[in-house]
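One chain, chain A, links the two complexes that follow: it is found with chain B in the first and with chain C in the second.
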Partner chain A sequence: MATRGFDRADVGDSVAHEGFLRYRRFRWFKTALLIGLAVILIYLLVDVQPRHNGGSWLGYTLGSIGFALIVWLAMLGIRKRAITRGRWSLKAWTSAHVYLGLALIVIGTLHTGFQFGWNVHTLAYVLMMVVILSGAYGISVYAMLPQGLSDARSEMTGPQMIDAINTLDKQIQGAAQPLSDADSEVVLGSLGEDPFGGGVWRRLSGSYPRCGNRRALQIMRGRLAEATGKPAGAIEQVVTLLERKAAALQRVRNYVQRRALLEIWLYVHVPLTFVLIVALIVHVVSVFFYW
Partner chain B sequence: MAFLLRNISYSADGRQIVRSSRVSDDLLKVGRDPDCDICLNDLAVALHHATLEQISSTRVGVSAEAGLTIDIDGSVTQFGQIDVTIGGVIGVGPFQLRVLPQEMGSDDIAIDVERAPDEEAEAKFDTRRFALSAAMPGKRPIAWALVLVVLAAFLAWPIYAYYRQQPGEAEYASGFHGDRLWLSGSLSEGHAALGNNCRACHVEAFESVQDAACTACHTQVHDHADARRMQLARPQVGGFERFQLAVGSLFGLEAGRCVDCHTEHEGPQEMAPTPQQFCSDCHADLDARLPDTRLGNAADFERSHPEFQPMVLVRWEGDRPLMRRVPLDRRPRESSNLKFPHALHLDPNGGVAQMGRRLAATYGFGQRLECADCHVPTPDGVRFAPPNMEGDCAMCHSLAFEASDGTVRTLRHGEPGQVVADVRAFYRAGLRQRPADLGTPRSRPGDVNQARAALQSARATQLTGQRADVAVRALFAQGGACFDCHEVTSAPGGSLAYGIRPVAFPSRYMLHGWFDHRAHQIVQRPGQRQLEGSAACLSCHRADASSDAADLLLPAMASCRDCHGGETSSLPVESTCAMCHDYHMDEGVPAMLLRQQVRGRRWTTTVIPVQPQPSPPGQQQRQRGQAPARAR
Partner chain C sequence: MADCPPNAINRGPDGEVYINDTCIGCGNCQRNCPYGVIRMAKIPPKKPSLLKWLFFGSGPGPGEADKKWTEKRVSAETPKKAIKCDMCSGINGGPACVRACPTGAAIRVSPEEFLTVARMGQKV
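Moving on to the complex of A and B:
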């Protein structure tokens, strides 16, 4: 998995450890800042007639730098598979990847001369911005979410969380045996509930409005209020178990949501990087085709 | 007969546990209820779910309770039968009831009861499903799909569109073409119609836009100068500029192409006014690189510009005027063959002013003659039409010689032979009836009287002939109507064949520069009061101090420099080269001024901006002539 390259402690404020964001006292942050400011200054000082555009000498220069930078940034995908130390350590590389990637916003935007349209050129720009912003999102979730990730699990491992649900399911199954057919139908809704059910959106939002367990709990609580005598005992037991299952499901789903929020950016960042490189090649070909 | 039930389950380590029981009945109740014969502990099974019943020696009937279903040999149903000789499988909820084939010689029906392995449940609790990848397509398929979309839509389609079009194909302008996806910016307004027709300019793939593509339509635009000389005149650039040119040339972008200045795909942009440096790069020290050039060095109108060199009519070769460009500082004389003392005509107290006042009612003159009384602007207001005898001079300089019944007869201007003939005819015609009246009415008949009459008539005719000659000579001699204004060639040997030297003026003195009189109708030099009318004219053209028509009354550069400075001047009018000179054209309004006018930023003078004129063009011209001379 691509996230394996990052150590979560990297971004933490550890005394013993220097994360890739703080690498060498923000060496690459300063470098990127300097590059960005220099490019802005040059852009403001150079008089391009009739207006700034990608076809001026400055435009071509910025475009070439941007293209080279994008290809280099994409190389992290290969580079991250070899974890090394020293000046060209993976940490240094990652630090540079992050900050130079952000500097690319300035370089790319000034390359356009703020001229946009419904064309392949703007397509490449938009793809670049989406890739950069998804990366920025990735950095921020890596900085913020992992703490919550272990909170969400309540010190449990994934299999433990699943086992908890499994066990509860068996207990519910057992406890519900005396229930009437109608009631058992309801309880079955809880047993059939897939803790991981639903698509990407469910996972990201953490909202499961049609959760079978929740509905079963709701109905069974109603039944409990009406029931008397012997069945009431069984129903009460089932309701207690359903409540415990709701908590277990919530735990799993919180964890799943955080995982989704943590991983979703890679599904944008990585594939769109390749699309971006192809769009850039098309952009360059089109420029020379209609030279 | 009986049912033999075998309840099969598995321990945690996979060991099979079989509990057998025997039900001696031909009816079996299946359900979750502990009272059932086959008790299936799962909520998916109803309390009483189904009933098995032996209906013959070989058949067992299976029926689900109302509203419930069972699964017999893979098909979901409510009722069914199983041939016990063959056996079958009944599915109830997650359980399988396998009816085994009846053993030979036995009446018992053996049924294995087993919970089917729940693959779905295993999948449901796969811990790999914690990761987002369980709900997402792979990154690789996403990338491939999008890459193919980009390649198809943004590369293949435009290239297809390019090759489908034949260069110069007219109908191609309609519809949407793939190569529009490459359009880096909308075209200028002038080229907007070509927005769909990329090949109009991008003729060959991977070849830069050539000038030929421009001149295919712009046939009237000529080059600035000979290409080879321009190449020589270009200053040696160093450093970065040289590098830029080298890189451009490496990619097929040769310097000096039309598109270098006339950039495209920048939207409806205004072309920036040509900066002074654009010209001065070459012209500031042109003679250093082009020693044979006849152009003076020019870098800034205020500080470095050669004196005006108007085209002057310097002399005549026979009847052919000779034109030469002479710098104004060499004080050129103009040989128009006309006599005209401007000072005399402009004197506010002289006889001319006096005559003007007398004719004021007829011609609208003021207290004195104004320039506009004689000088008529061309329809565009830029220049002045050459003065014309009939319209301009004849208001005062009459060629009338006889009034006949209210009609004034005038000498024919421009035809001296005709003038001589007319004068002679006048004198002759004045005596035509005389011979009949020569004698007294009551003369006595007789030869003597007749002879006397004839003699007297002959004498009178001869005398009138002499008087006509005298009159003609007077016309062409000093003080005569012709001589006053024209160079007269004397008549050979006492004849009357006088001639008038042809008159000519250059229609335009400054052929390579632009001057618009309309923009200078009101003049205000720094620190001086605003001048209008004749005062404005005279502030540049010192006609009031000129008594000789040979004086070339063009103002020298110093006069212009009272107001016009260079591009960065502190003078009121910052004037770049482009204000008077055009890169491409030598005639007509410089493109910069035209563009200013189109954009409503043109100033007629330093004090009055152009007002939008709603009236049609014909009316505009009439309005423009506000001078009294218009009253004519």
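Moving on to the complex of A and C:
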């Protein structure tokens, strides 16, 4: 049956979108909270001499749980790419991934016994925290940014936005004909701007200081202020077109900025996970080798 | 259904339209579909497993392989069959796209509830 995969009992009678953070009335949030509190309680009640460290029985237990948890968390990458038959849901996996990943902060930190130094052991801990924090950034942008994506492009599609800019380019080229040589050179500098170009920093910041269109608009506005008579009409038309192009470029750049903010964290989260797993193996091997 | 010589295309109990294996690839359904959701395609060759792709980069990876990869491995004589989304009616677990959505953005609703759900996010 088509509706088999979706459990209506969880959201009441009406069908509704249930986000991965609220999945099954925050089941995984509650699970992770309980695990975290239990671990903290055990840590406080157990007396380890001389002080809590990763090598006590509690330290080894937390370390093993943490290692297994890190490997399981990394398995999300495989689970999401193997769409097998059966009654499983990636939303459930993602919900568990997020909350158990946050619980790892408690498990990992208490495993260290708050003993840090300039060594591979602390490196593994730091990598783990960077991965977790990049994930926390990821879910906060996932919660806030997607709604604005279609507003940002005024409900146009990508190809439609590019077509709008190409049409304006053609019109600007035509309107630049009656201008003087110097002016038309400035105006034609606005053409050929690739709105999807620009490196990572351009996209994330949304600022394009060397935008040819902005420069052309600035100069032509100045010329409009001092021009009179027939040339003024041509300049006014060019300024109008440049302003429209500025709006169109702004729309595309806004959309590109939101997409970049939505995606940048994965370029940190995933590669560092693999570095973390390597550091973890080195950490475990060196602990037992030099025991 | 009308116009299907082997009567391969039918509507299921939940409203989904499915095409079973008796399809002969005549293309009548594709031509007559008012929504344009039926397409003719050759059965693609088997891909290398996911782990082989992960470790050795063999194969096109998860998801539907792109046309170039498929065309190179399928003979020109192979007949095409009609395919369309059938809400994964033949497999356990419900629509794969809903199960594969990590954030819960994709859900399956029945036609009667569709407008209610679609309007839920709109401001009055």
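Operating definition for what follows: the second predicted complex is superposed on the first by the 267 of 291 C-alpha atoms of A that agree within 3 Å, B and C clash if a C-alpha of one lies under 4 Å from a C-alpha of the other, contacts with A are read in each partner's own complex, and residues count from 1 in each chain.
Note that a residue touches a chain if its C-beta (ideal position, glycine included) is under 8 Å from a C-beta of that chain, and two chains touch if they have at least 3 such contacts.
Everything quoted here is computed from the prediction, not taken from an experiment.
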After the superposition on A, what does A:Leu272 contact: first (chain B), second (chain C), both or neither?
first
Should A:Leu69 be classified as contacting the first partner (chain B), the second (chain C), both, or neither? neither
Winner on chain A touched-residue count between chain B and chain C: chain B
Next item on the list: In the overlay, answer first, second, both or neither for which of chain B and chain C A:Met129 touches.
Entry: neither
Quiz item: Which holds for A:Thr94: it touches chain B only (first), chain C only (second), both, or neither?
Solution: second
Touch test for A:Ile78: chain B only (first), chain C only (second), both, or neither? second
_Just checking: does A:Leu191 make contact with chain B only, chain C only, both, or neither of them? Give me first, second, both or neither._
first
**Q.** chain B versus chain C as contact partner of A:Tyr290, first or second or both or neither
**A.** first
The shared contact residues of chain A with chain B and chain C are 1
In the complex, chain C touches chain A at residues 12-16, 50, 54, 61-62, 87-89, 91-96, 98-105, 107-110, 113, 116-117, 120
Per the touch rule, the chain B residues reaching chain A in their complex are 32, 41-44, 46-47, 124-125, 127, 129-136, 139-140, 142-143, 146-147, 150-151, 154-155, 158-159, 162, 179-186, 198, 202, 205-209, 244, 247, 251-252, 263, 265-267, 269-272
Per the touch rule, the chain A residues reaching chain B in their complex are 1, 49-51, 53-55, 57, 115, 117-121, 123, 158-159, 162, 165-166, 173-174, 176-177, 179-181, 184-185, 187-188, 191, 194-196, 198-200, 202-203, 252, 255-256, 259-260, 263-264, 266-267, 270-272, 274-275, 278-279, 282, 285-291
Per the touch rule above, chain A residues touching chain C in the complex are 1-6, 14-20, 23, 78, 80-83, 85-91, 93-94, 142
